[in-house]
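Take a look at the structure set out below.
The chains carry the letters A, B, C, D and E, assigned in the order they are written, with residues numbered from 1 in each.
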Amino acid sequence: MIWPIDLAILTLVVIAGIGALMVKDLLGAAILFGAYSFMMCLLWSIMGAVDVAFTEASVGAGVSTVFFVAAVFRTSRRTKD
Amino acid sequence: METITSIRPLLAVLVSLLIIPLVVVSSRSPNVRETWTFVAAVAKFLIVLSMLPAILRGTEIVYTVVQFMPGAAIKFRVDALGMLFALVSSSLWIITSAYSIGYMRGLKEHGQTRYFCFFAICLSATIGAAFSANLLTLYLFYEILSLATYPLVTHHQDLEARSSGRKYLLYVVGASIGLVLPAMLICYNLAGTLEFSKNGILAGTAASPSLLFILLFMFVFGFAKSAIMPMHSWLPAAMVAPTPVSALLHAVAVVKVGVFSIVRILTGVFGIQLLSSSHLGMAVCCVAAFTILVGSFIALSQDGLKRLLAFSTIAQLSYIVLGVALLSPKGMTGGMLHIAMHAFGKITLFFCAGAIFVATGKKNISEMIGIGRRMPVTMAAFFIASLSIIGMPPCGGFISKWYLALGTLQAHQIGFLVVLLFSSLLNACYFIPITYKAFFCRPEDAMFENKVQEAPVFCVVPLVITATISVILLFYPQPFLRLARMMVQSITGV
Amino acid sequence: MSEQYPALLVIVPLLSALVVSVAGWVNKRWCFPIAVAALSVSAWSSVGLLFRVLNEGVIVYKLGGWSPPMGIAYYIDYLNGLVLPVVSIVALLNLISSKRTVEQQFPDKTGPFYTLYVLMVTGLLGIVVTGDAFNLYVLLEIASLTGYGLLAMGEERAPLATLNYLYMGTIGACFYLLGIGYLYIVTGSLNMVDIARLLPPLYQSKAVLAAFIICMVGVWLKMAFFPLHAWLPNAYTFANSASSSLIAPLVTKVMVYVMIRLMLTIFTPKFVFNTLAVHDAVVWLAVIAIAMGAVLALKERNLKKMLTYIVVAEVGYMVGGAWLGNRAGLTGAVLHIVNDALMTLCVFLVVGNIVYKIKGYAFGDLKGLFAKMPFTMGAFVIGALSIIGVPPTCGFFSKWYLILGAIQAHQYGFMVALLFSSLINVVLFFRVFEIGFYEPFSDHEGHEHHPAVMAEAPLTMLVPLYVVAISLILVGLYTGDIVNHIVQFVIPKGFM
Amino acid sequence: MTDLISMVVAKYNYWIYITLMMIGLYAMIAKNNLVKKIVGMNIFQTAIILFYVSIGVKKGATIPILEHGHGPNAHHVVHAVDYINPLPHVLMLTAIVVGVATLGVALALAIRIYNNYNTLEEDEILAQVREK
Amino acid sequence: MKIIGLIITVVTGALLIYAAADFPAWSDPASPASTYLSPHFIEKTMEETSVPNIVTAVLADYRGFDTMFETTVIFSAGVVCFFLLRISRREEEEPETRYYRHVLTGVTIQLKEGYKMPPSADFERIDAVWTPPDLIIKTGCRILIPFVQLFALYVIAHGHHSPGGGFQGGVILGASVILLAISHDLRTAVRRMSEKLIGILCAVGVFIYAGTGALCLLLKQNFLDYSALAGVLHVDPITARSHGILIVEIGVGIAVLATMIWIYNNISSAGRYRQGL
């Protein structure tokens, strides 16, 4: 394990997570959440949890994001916070 | 003491429940419906009566239905006191059923099927309470009785009935859940059993005097059906019920179950040794004496006949409590005997009030001047019954009062003797004028025509019977006196 | 076959949920009979299991043939042996009773409804039967997810209330998962019995302490223990009556079971009551829960919502009883799981009948109900008396043990709270009775004869209702046997 | 002090997981928008997954797939220290699935709410409810 | 609410940080989690199940019961989404005007209420908000999808030896159909996989899993004990376990595939099944 990469990804995870919650647009939040999931997936593959990472890549970064986008498309992008 | 195991106590309780489906099914044909009620009433009385010889021999009949935990079960034990009470209430049910038919049909009341159903439940609960062998069973039937009486009290389904029903529930159910239930559990925790025993289950436990004091009054006030002041004000309110309900329940079954429970608490849970050694009996006596006097005074100022009878009942109930709480053998005998004597007297009075209402629609005493000319039989019965309540010969009430008076002397409590005599005087003050005005008013004051027009025969016959029994009881007070004596003997050994 | 009862209990409903789902696409009329058959098998096997437990003691069933702690195992002891029949029978009765409601409310979606219904029961049964801490989480999620689906179909406000439930439920389940993770990190095991074996040397560890707190908070969230109850009233009130009468009786009770399981089996009473010694505080929380539940119920002018607050108060009963830390209290809590499930089912079935006929459950809709639906209201009276705690209904006896436990533990606050809530319940229910009985007020002393127009619910709804109502009394009468033969073995030896 | 620093450094994964979890929890409680709450819920869940995966990590070990599983050297001796603990991974596969299932249900609910009230902001919905 | 949230968060966080102090050091090979159960799995998996990917073995065999319910969770999520969102034909109001598009020429015609189009392969029904799909995306996806699906099948089949398995493969398969729905439109995707098929496939997938377990039960073994299948498959019990795992992974794959599409269909069209994204 290369700790600078590990640390960098951990930082990115936190930033993407906070970003997904802060951004004032739900579509943006959905995409940032996808990024967050992808970072998480990288983190887990670094930790050796390949199956978990694979699942997260397909579910978290893939299908979940699609669900979010679909739901936002069917409702509204507007958010106050 | 010898005991027999027999299912008869349970049968006596269940028989009136079993006819309820039949009553409901035959609700379309009133005659069939009333026949069922009669069948049940007679059957119940016969079952109770069939146990009498055994009890008089000095045996007890025991039957356990379910055992919940050690010392707490649904269990029946028929002893002399329970027998006394059961005899009174089951015999009066037959008479009240007849009276109910006359009253309800005479007034074309609605919901008669409901009325007869709940009446039957009430009687089951009363007999159950009379035969209960432990506090839990007693509580069970006490609660059933409270709830089954509610639809009867509020039978008219109008605003007044609702507010009275609220008051009734607040006092009776509120007190039993709020006071009796915790007191019972504390007892169970202290003694490990709830079974009534001769010496009292609390004797010999580590309860401190202050705890005993608190427990005693939780019970005395918790059984609010006994209408000990300040828990009395539901009783006058409950007089909105149809008169047969007031007659049987508020003169006999419900209120007597309250008093009966207190007697059981005093004799079976605390035990007279404990009560006399801790002077708790005195405290109960004081409360009872207070209730007797205040109740009588309030009765004096009432105009509504049923309200007057209600306050009179409040006072009379406390006689029983006073008698037992005196802890002297004679006083206890008097108190227990008063359960029977007062029942026959008071039920007659209520029947009369109902008969007057059916025949004339009058409820207030001030409207009854000269009524003796129109309803001579009813008013004659009224007079006899009021003599019984006052405690004058030739009526049964005299015997119980006599024993009570002796009891005060035996307990060296002259103060309570004064209370008794004074309250008898007050009783006379509020009863005698009614009869007097009914018969001996000046013709120009009379509010009724001089023409005999009695209530329906179903109303009149029962009250004549009960009045007659009241008189007979003076000359032949058996088996009630014998039962009361046996009970006292088994408790005190005297 | 009887040695496979533990598997049948969960597998039969699971498989038939799938069959129901397919049947929903092929022919909708098959869904209901299949669901009934499945739950009947479950009920049968749960009763069979209870008798096996009574005869043989604890039953271990190894799933996949792997012995624990490698694989997942079912442990059926007296505690879940008692709870299983309750869950399956309650679910079965409610299923039969709600047939008409479902057809009325979701004419096109009976297939998915029954699928979710049976899946939910699968989840609840699985929670009760499993001996693996993580497996419990998965089943918890099945029960929750299907529950969200069932609850959200209702009135206009139902989806929002359910979404709030979903947030809270997810937090609760995740807390539980996290707590199990903490236990796993210090013990390395997921099997409940195995964890209990490994824990004693670690009692002083901060991680174990945190695991316990987190698990408890999670479970409390799911069971709506005050002050974590905010999601419950709305979610249950606005749901359709078929779902609320499944979920209200069972979910909180099953979560109480999980709490008792955590306390007795995983963390063991020694840790909970001796090492931790916070039970006084929890009992006081329960006191507040009971009091607040009662007071909030008093505020409501709506029958169903009133009942949901009573559910909140009842949760306080059970939590308080379990945390009293003595035999009587725990007996009361376990007994109350059974009794409260039946009581709540009874009153919610009544609400279901009322909604089916009257299409409303606000107090204003209840006028004249005793005349319109006398049989339904008769059962309601029995249910109400049981909730109030009038003998010989079962509610009295669990209250009896709870109060006895409170006295023995010198927790007089808890005793007062129980009595207070009983009294408030009297007020609550008699208020409803009054409306149903008096209003519209009869004129002039009621001497008129009103021909009452009966509009009673159909027999398929009344029969299950009366089965429940009568069982309230029967369970009450057989309390002694239940306690002597089952409940007293639930409590570990050496417990006060 | 060095103890503290070394503890902080040695368990930094745990700190990150706690941070993420608290971010998610805060969002679920405090955010006003329903979809934002759902995002928060998913962050909360993934944080727990991160925690579990961190439990499984073992220094000097490789991914939990046996080398030479089949073939000529199939049945050589396997040492536990060489492979990462697989159990948390298994558990977390389940947790991820549960997460996506919950997400689907939550979004379905959000869409229904939007159909009823035409907004996703909780305060606006509550205002509409109160008006009725 | 914000302040309450902050307080709750801080308190919870403080508790967790406090507890983390007692954790074994991170990535410590001697921690209880690494020394208690996992060595058994790592060392015995090959002997007992003949599956090199330990995660797969534990997932589908040792803890196969968990995984069965995991599949059930996803199945119930699908049913819940359908139950909540799908607007049945009875409730659905037909739009007053319908639009049809001639596939070859792109000519769009509008039909007022009451008129119906004769069924014809040349015309396709479209919605009012229809936008022409981008040719590049359409063609690109059409080429991509077969490869995605092929890879997904590989992931399922090769789950014994490499990362992956039924769940991941199923998600990817589902994603390929979702990709079709996104790149074309929902009607196209639904035409390929009808709603009824999806609904039945979900149940069938879970049924394969649970049914395999139940089969073991019928063969006088405990539920999900795949070694019972040895007699049916004519292999030794260890290999039977390996095959059993493959069977249930296929079941998982089918269930997940169908459910993902189902959820997407319902969410993206809000239950109307007309225009997707």
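In this section, a contact is a pair of C-beta atoms (placed from the backbone, for glycine too) under 8 Å apart; a residue touches a chain by one contact, two chains touch by 3 or more.
Note that this is a predicted model, so its numbers are computed, not measured.
Listed by label, the chains that touch subunit C and also subunit E are D.
Judged by contacting C-beta pairs, the busier of the interfaces D-E and C-D is D-E.
Centroid distances built from C-alpha atoms place A farthest away from subunit B.
Distances from each chain's CA mean to the overall CA mean are smallest for chain C. Once the centre of each chain is set as its mean CA position, subunit A and subunit B turn out to be 78 Å apart.
Here the CA centre of subunit A is 38 Å from the CA centre of subunit C.
Separation between the centroids of subunit C and subunit D, computed from CA atoms only, is 29 Å. Between subunit A and subunit D, the centres computed from C-alpha atoms are 11 Å apart.
Residues of subunit A in contact with at least two other chains: 50-51, 55, 59, 63, 67, 70-71, 74.
For subunit D, the set of residues that touch two or more other chains comprises 12-13, 19, 25, 54-57, 61, 63-65, 87-89, 91, 93-94, 97-98, 100-102, 104-105, 107, 109-112. Chain contacts: subunit C has residues 134, 138, 141, 145, 148-149, 152, 159, 184-185, 190 touching two or more partner chains.
Under the contact rule stated at the top, the pairs of chains that touch are A-D, A-E, B-C, C-D, C-E, D-E. If you check the complex, the residues on subunit D that touch subunit C are 25, 28, 34, 37, 41, 44-45, 48, 51-52, 55, 87-88, 91, 94-95, 98, 101-102, 105-106, 109-110, 112-113, 116-117, 125, 129. Considering their complex, residues 385, 388-392, 397, 400, 403-404, 407-408, 415, 419, 422-423, 426, 430, 434, 437-438, 441-450, 477-480, 483 of subunit C touch subunit B.
Note for the complex: subunit D touches subunit A at residues 12-13, 16, 19-20, 23-24, 27, 31-33, 35-36, 39-40, 42-43, 46, 49-50, 53-54, 56-57, 61-65, 84, 88-89, 92-93, 96-97, 99-100, 103-104, 107, 110-111, 114, 119-121.
For subunit D in complex with subunit E, the residues that touch the partner chain are 7, 10-15, 18-19, 21-22, 25-26, 29-30, 54-61, 63-67, 69-70, 74-75, 78-83, 85-91, 93-94, 97-98, 100-102, 104-105, 107-109, 111-112, 115.
Every residue of subunit A that touches subunit E in the complex is listed here, in rising order: 50-51, 53-55, 58-59, 62-63, 66-67, 69-71, 73-74.
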